[in-house]
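A, B, C and D are the chain letters, set down in written order, and residue numbers restart from 1 in every chain.
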Amino acid sequence: MNTDSHAAGADDFWRELEADRLHEECGVFGIFGHPDAAAITALGLHALQHRGQEASGIVTFDGNRFHAEKRMGLVGDSFSDQAVIERLPGTAAVGHNRYSTTGETILRNVQPLFAELATGGFAVAHNGNLTNGLALRRQLVAEGAICQSTTDTEAVLHLVARSQRNRFLDRFIDAVRQLEGAYAFVALSTKKLIGARDPLGIRPLVIGELDGHYILASETCALDMIGAKYIRDVENGEVVVITEDGIESHKPFPKQAERPCIFEFIYFSRPDSVVQGKSVYDVRKRMGVELARESSVPADVIVPIPDSGVPAALGFSQQSGVPFELGIIRNHYVGRTFIQPTQRIRELGVRLKHSANRSRVEGKRVVLVDDSLVRGTTSVKIVQMMRDAGATEVHFRLASPPITHSDYYGIDTPERDKLLAARLDLEGMRQFIGADSLAFLSVDGLYRAMGEGARDPANPRFTDHCFTGDYPTPLTDLMNETGGVKQLSLLAEAS
Amino acid sequence: MNTDSHAAGADDFWRELEADRLHEECGVFGIFGHPDAAAITALGLHALQHRGQEASGIVTFDGNRFHAEKRMGLVGDSFSDQAVIERLPGTAAVGHNRYSTTGETILRNVQPLFAELATGGFAVAHNGNLTNGLALRRQLVAEGAICQSTTDTEAVLHLVARSQRNRFLDRFIDAVRQLEGAYAFVALSTKKLIGARDPLGIRPLVIGELDGHYILASETCALDMIGAKYIRDVENGEVVVITEDGIESHKPFPKQAERPCIFEFIYFSRPDSVVQGKSVYDVRKRMGVELARESSVPADVIVPIPDSGVPAALGFSQQSGVPFELGIIRNHYVGRTFIQPTQRIRELGVRLKHSANRSRVEGKRVVLVDDSLVRGTTSVKIVQMMRDAGATEVHFRLASPPITHSDYYGIDTPERDKLLAARLDLEGMRQFIGADSLAFLSVDGLYRAMGEGARDPANPRFTDHCFTGDYPTPLTDLMNETGGVKQLSLLAEAS
Amino acid sequence: MNTDSHAAGADDFWRELEADRLHEECGVFGIFGHPDAAAITALGLHALQHRGQEASGIVTFDGNRFHAEKRMGLVGDSFSDQAVIERLPGTAAVGHNRYSTTGETILRNVQPLFAELATGGFAVAHNGNLTNGLALRRQLVAEGAICQSTTDTEAVLHLVARSQRNRFLDRFIDAVRQLEGAYAFVALSTKKLIGARDPLGIRPLVIGELDGHYILASETCALDMIGAKYIRDVENGEVVVITEDGIESHKPFPKQAERPCIFEFIYFSRPDSVVQGKSVYDVRKRMGVELARESSVPADVIVPIPDSGVPAALGFSQQSGVPFELGIIRNHYVGRTFIQPTQRIRELGVRLKHSANRSRVEGKRVVLVDDSLVRGTTSVKIVQMMRDAGATEVHFRLASPPITHSDYYGIDTPERDKLLAARLDLEGMRQFIGADSLAFLSVDGLYRAMGEGARDPANPRFTDHCFTGDYPTPLTDLMNETGGVKQLSLLAEAS
Amino acid sequence: MNTDSHAAGADDFWRELEADRLHEECGVFGIFGHPDAAAITALGLHALQHRGQEASGIVTFDGNRFHAEKRMGLVGDSFSDQAVIERLPGTAAVGHNRYSTTGETILRNVQPLFAELATGGFAVAHNGNLTNGLALRRQLVAEGAICQSTTDTEAVLHLVARSQRNRFLDRFIDAVRQLEGAYAFVALSTKKLIGARDPLGIRPLVIGELDGHYILASETCALDMIGAKYIRDVENGEVVVITEDGIESHKPFPKQAERPCIFEFIYFSRPDSVVQGKSVYDVRKRMGVELARESSVPADVIVPIPDSGVPAALGFSQQSGVPFELGIIRNHYVGRTFIQPTQRIRELGVRLKHSANRSRVEGKRVVLVDDSLVRGTTSVKIVQMMRDAGATEVHFRLASPPITHSDYYGIDTPERDKLLAARLDLEGMRQFIGADSLAFLSVDGLYRAMGEGARDPANPRFTDHCFTGDYPTPLTDLMNETGGVKQLSLLAEAS
């Protein structure tokens, strides 16, 4: 239970390196009716590890009691022990991988969250972010609710507990109707497994089937891991109820066009997943193709920034005819902790994760391809690393448009004034990064890569505010904060 | 965060050895207005360690935020680090040592518990046991409250949160009025430190003063540890409110005679504490004196069962004139974990904790003196150990009456059918234990040792149901359970 | 100090998965005269992490005392803390990453090993394997030496300690002259940093320079990590002595042609390293080119088995004109521990590490490219995974020849009867793996990729016995074992 | 494997408190031919825990291999797990509890030490201290031996390994003949269990028997723990060899009168042990009786300083007729770690371990009885604590003479200039301690309590240099150090 303050400095340093990436908050998984429910959930969460690496939890129901195990760290470390799986009996399970966007990273905040109602217990796991989470929390506390976590997800538990309806499903629908923002939920009651996506379908959720039992998961890669069959996506605004009798669909919201988050395609989802019917890998390659069409440059070699830039770089190479080479080698042994920031190590910076493959770079005109640009601090170092390795020209190409706005739907973006594209124009960014040329994929090019025509501003098909500033829901908490109302949480607790 | 299942077998074995002792559930401590609030609370809890060794917690308030640290294990291990104390800033603190009577031993259950109200946060630590805790919990859950711990103490938090009153003190009094059973509370709000004892004053709570700042503690030994002055006991049914302006006394209950738990004198409180104005050590010696008066026997040596039997044995020796000797040596290195129960070790049994001092026992008529008899399993082994060491006669004397009834006020007694004195008559017990003679202090002798005349059945001065079956409050939960209503808790969680 | 028996079953399972790979035993690093010696050594070891992941150690000398830190696990976890680096003062350091080929994995076996002579202490780190290590050990023990580790490296310490020479360098040369097999040593005395390679130069060792201070490292990637300049390779049979006066070269052995291990190029060294003057990445691509020349096949897509097959697959693709695609996605979150082998997980097998990228495989004729084939157990599963993902044909191509003989020079190969190519002919292997066709690079093709003509059996340029059975040194211990003499080690110790 | 630097400050503080006590270095145990050898050895070490609490180790031999487990911390914590015992198969075992007098407290130094000879392995555990340990070490290193521990015990291993004799017993005798100082050894070879005491028998060693199998142990309390029968003491200068054929006695030294360490009686041995045929408890009581005869004083109460002062206080009380009372209560929850030394806690000082029992002290003339006086720093605080609790007079009585000289035979005494009795005369000590009167037992009184007449300076019966300055052996290392030769150890290692 001790808080591990060791290497606090190293963590700060690591955070600095990490701060130039985007982070997704969570992956969710659920299964109903399978004798190996907990073991399969652990495997599913392992396949979804890229969506959250801070902590994981699994809750099962054995027909009589719920059982929970929550751990800091990776699924493969936390659920590696048969003894842990054996403490999770039952044929129904829900699980969660966490990357924190709200709430401190302490065990109390690790999901699935659980509550016990007079009619029985239930557990909820959440991927997304509520834009009115604090407003709900304030209202609940004023009514005498006691919040034990500092996550926005807890509001859902209290809303369910306080609902005047009798059936758990009706209470759950009562609760989600009060939410704003992005969410994909998996919830487990004593009788049902429930899945729900917000009215715009911002965060993904798919239905699969294994040995005749239904599964819910953030991405299809979790189905592939366990040998399950993909059935369909949960629709935007849909609540699905899984019991022994099969799947039941509810549509508690007015019908709306779906508007999934485009960043799932650019960065978050695993390349082997199929999101909204599209292969993520193929979409990323097409982003590289469109980028080459828009911003080609005479060069000797196309070099991906590993690993996220690889598919776009392959597309760029195939479109441009310039050879693809691993001009940067990624160090696979960089974990969550890291060598201490002495001055020397700070200078070495990015080399801890990446190193130049000099033989493919020296004397060459290099096109670097990455998926997106956040703060630009890593990019500076990689451009310099290419020059140190003897590149004669370094051209930087991004397979997505400039990120000019923060996200509030579950992506951990920096404050707006830290976003390079919100601070500088294209030439300013080029100079900052130190590249010989710099180009981004256009918004319309991005939509083309998605298989659409140009973006229709009156009716955009994707949640794309990071590039356009066009937020698809009200930002209630943000408005309140701007108005001076601050977060309630009064307790600082280490464990 | 791992659950430490290591040595589970050893724990079982250890529990078997421990099961022949009584256990107190808790010690509480609070201080208001002192710059070293957390460090002093840690010291106070250390002095109260005998009241609970499973876990400890401290909550402080720094004028702005509350800070909590909760740890499994001993105070001296958990709060030994300056870094831990530094994570607990502020001049007001409440702390708690836990021995679990309700709720699993997991960190969520470690007190003080904390809740955040619209008007600010508060923390509560509890010594005692509510006899209507489950009934309250059921009612709260039916109203939509979500319980995060499985302790009876959490009911108090929800009752405070749901009170319609405005001031924290009024909400707190609202809450305690709904409680039945035994309690000594220390509670900390953003403005006050509150202490409260149940209407009968079953569990102890004293007021002290250090450098002009007030302190609440379960026993005076905690005041002695930190060099504080004893002021007075909190009275039965009293709520004291400590602020910068001093102490304010409230009496929200109808006036009743106090009826403190007599086991605080027999076993639980530390011998150097003064409880209800009486030196615990002196009372225990007088129990030995009364016992010698009632049940003397020709003998060569008086041998205490260490350490709890020492004062009574001294009294017995001084009254009888038979010399007092350490005929049994206690092994001080027995911690909470222990050598594994191979068959051999099971046979060796009690020697892990105690060993015979042969030179003082061999060829002698021995009177063994202990404070009380629970299941008798240890006593059998100690009598045999005396015989193995060459005692010619072994007489067993108990400085309290036979325990015939279970406790429901915070003492962890076995089920009634495990209590030796509830199963067997005196001769049956003697045969079970294997002693040459066996005698208990009479109930009236016990009252005499307390400085009273004989017990007045119409108006007993102490809570003494373990010896008499005379329970001083309704046993609501017990009645319900007998009626078939079981505990709600549906979640099994390891961490 | 507890032995971590947790997840022993999982470890077995993991070992099974791992057993189909080759393992290198070690990486070494040394620096002399630099104020940040320990921090730089930690960085260097981090860059060499691929050469050994079980444990790491660093020894420094501060002009007065030696300081050692040895840890199980990854460099980035073990040496992440400034406090650890601060316990390693001094301007000279040697370090070691361990993958055990001899000796149990316990802290006593973690290098660098240290001994104290009457003339001062010294530390030694070793990459390689002595083929007469047991014979030396037997002789030393017979003479009254006490061995504390079970590594072959300890023999070197005793040989140095028992040498009758006065100067440390002379003692060291005395010692290495008695060794047979493969070694690259870095050794630190109170005055010198010493590097040495065996007479054939089987294991690599390079010299670098940073801020005017000399460095020794297993590979150039360690120099790149810290921004050091590559100077030259230590030659085969050379002993280099680094002091404040610079580098001194000694050649204590009769001159021989060098014969470096060809597996450094095929698998072990990092692709961005330059070994014996050759870019490892370029050599691997050329192996793919040669392979395509020798064994092309009509296909739609070239798919590397990540990550080791990527450069050869790029070469194969560029030579054959068939597009390169990431048809298999590697899971980067597979650490050393892993999800427990329930029956289900056993069936899922390889998916924990790899998953099919269905959109690039379905309906396609796939050429899988890997660097080498050991037992074939993983290959079976990957071929099946391609078929499950809809591949119409699966052709398997290996960028090295069949491995028919075990290694005794520091590569952890299975016993010969576990090597697929030692058990089956080509068609047998194809059937075992389940591929539509199977082809290996020829030995001459391998030499061509290395920039040579065909292999000259009278005078082969590389240590290549795994493919040819042509061992370059006597195998003394192996001969003895066959003759019935077994290892001495009589102590089983867990920590 | 991490070094636990947590609470380093607390450890310093704790050391300060501890520095006013004497410490014994070790307890040893061995058994031959018993099926539960390891479990019984663990129990024996548990009974000997008072002789060393820093670390423990057990080595067993299963007829084929030796097995070792060494752990930091208490026996009950380290060997509580059946899995640990199962890793120690075999019917012969030796074990050791360590309190370090030489060498850092790291796992490499934890005994039994093991070495492998050409003729087989052997393990040695040592209680005592060699006064020529460094001299031997220097000579061995000069001859090419490599020392892996920093204990003096390792010299024995090398002397055995280098002996030219063939039989293990002859080698062992060869080795012990070169030793000076105090030692009780238990050693295990592949065929024998060996016990040995130095020529004067300074440290104790007894022979017991269980189920027909022989046992060696530092004290009889270890025999009692496991239900074994005491046979006899190993004699001074005797080497006993235990095999399946029974016990064989060797006397390799010229005959001398025994001269056991008198501190075993005063402080170290457990009160229930019988040492050299004398009950330790009885001897301590007689020291109290002699003390009362020599230095009685009018008083109301005799108060022992718990726990070591209790038997002497009982003797003092019985002799003087003044009642014995527990005027000081010991806190049993003080472990090895402790609450952090804020300024406040420093002031509270001794109360963490002891507290006044005010009701027995207030208004009374108190005689405090302790076993011995070292630095006096704790005594000052205890006298003050008595006065704070209302004592009208405080008289301090020590049941042993003034300690004026350091020990070099295995007792961790302070440097001579830290010993209060070496710095001040009686009146100076009284003033320092703040008592109303102060008296020590005379040397002759001590001998009388031992059942002797007055001490014969020409032929003292006990090793008593701490009181007399009469060291019974040469102090070779001390002479060398004074001559400027310092310790060799050049390696600082944390784990």
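Convention: a residue touches a chain if its C-beta (ideal position, glycine included) is under 8 Å from a C-beta of that chain, and two chains touch if they have at least 3 such contacts.
Note that the structure is a prediction, hence the values are computed from the model and not measured.
Student: Chains touching subunit B and subunit D alike, please list them.
Tutor: Touching subunit B and subunit D alike: no chains returned.
Student: Could you pull out the chain whose C-alpha mean position is farthest off from that of subunit A?
Tutor: Centre of mass proxy via C-alpha means gives D as farthest from subunit A.
Student: Which whole number of Å gives the spacing of the CA centres of subunit B and subunit C?
Tutor: 61
Student: Express in whole angstrom the distance between the two chain centres, defined as the mean CA positions of subunit C and subunit D.
Tutor: 49
Student: For subunit A versus subunit C, what separation do you get between their C-alpha means, in angstrom?
Tutor: 36
Student: Do you know which subunit A residues sit against two or more other chains?
Tutor: Nothing qualifies.
Student: Taking chains as nodes and touches as edges, what kind of graph is this: line, ring, star, complete or other?
Tutor: Basically the chains close up into a ring.
Student: Provide the full list of chain pairs in touch.
Tutor: Here the touching chain pairs work out to A-B, A-C, B-D, C-D.
Student: Sort out for me which residues of subunit B touch subunit D in the complex.
Tutor: Checking each residue of subunit B against subunit D gives 6-7, 9-10, 36, 39-40, 42-43, 46-47, 49-50, 53, 74-77, 79-82, 84-85, 221, 224-227, 270-272, 274, 279, 281-282, 307, 310-311, 314, 318, 323-326, 329, 331-335, 337-340, 342, 344-345, 347-348, 351-352, 355-360.
Student: Within their complex, state which residues of subunit D touch subunit C.
Tutor: For subunit D paired with subunit C, touching residues are 1-3, 5, 65-72, 83, 87, 107-108, 114-118, 120-121, 138, 141-142, 144-148, 157-158, 161-163, 488-495.
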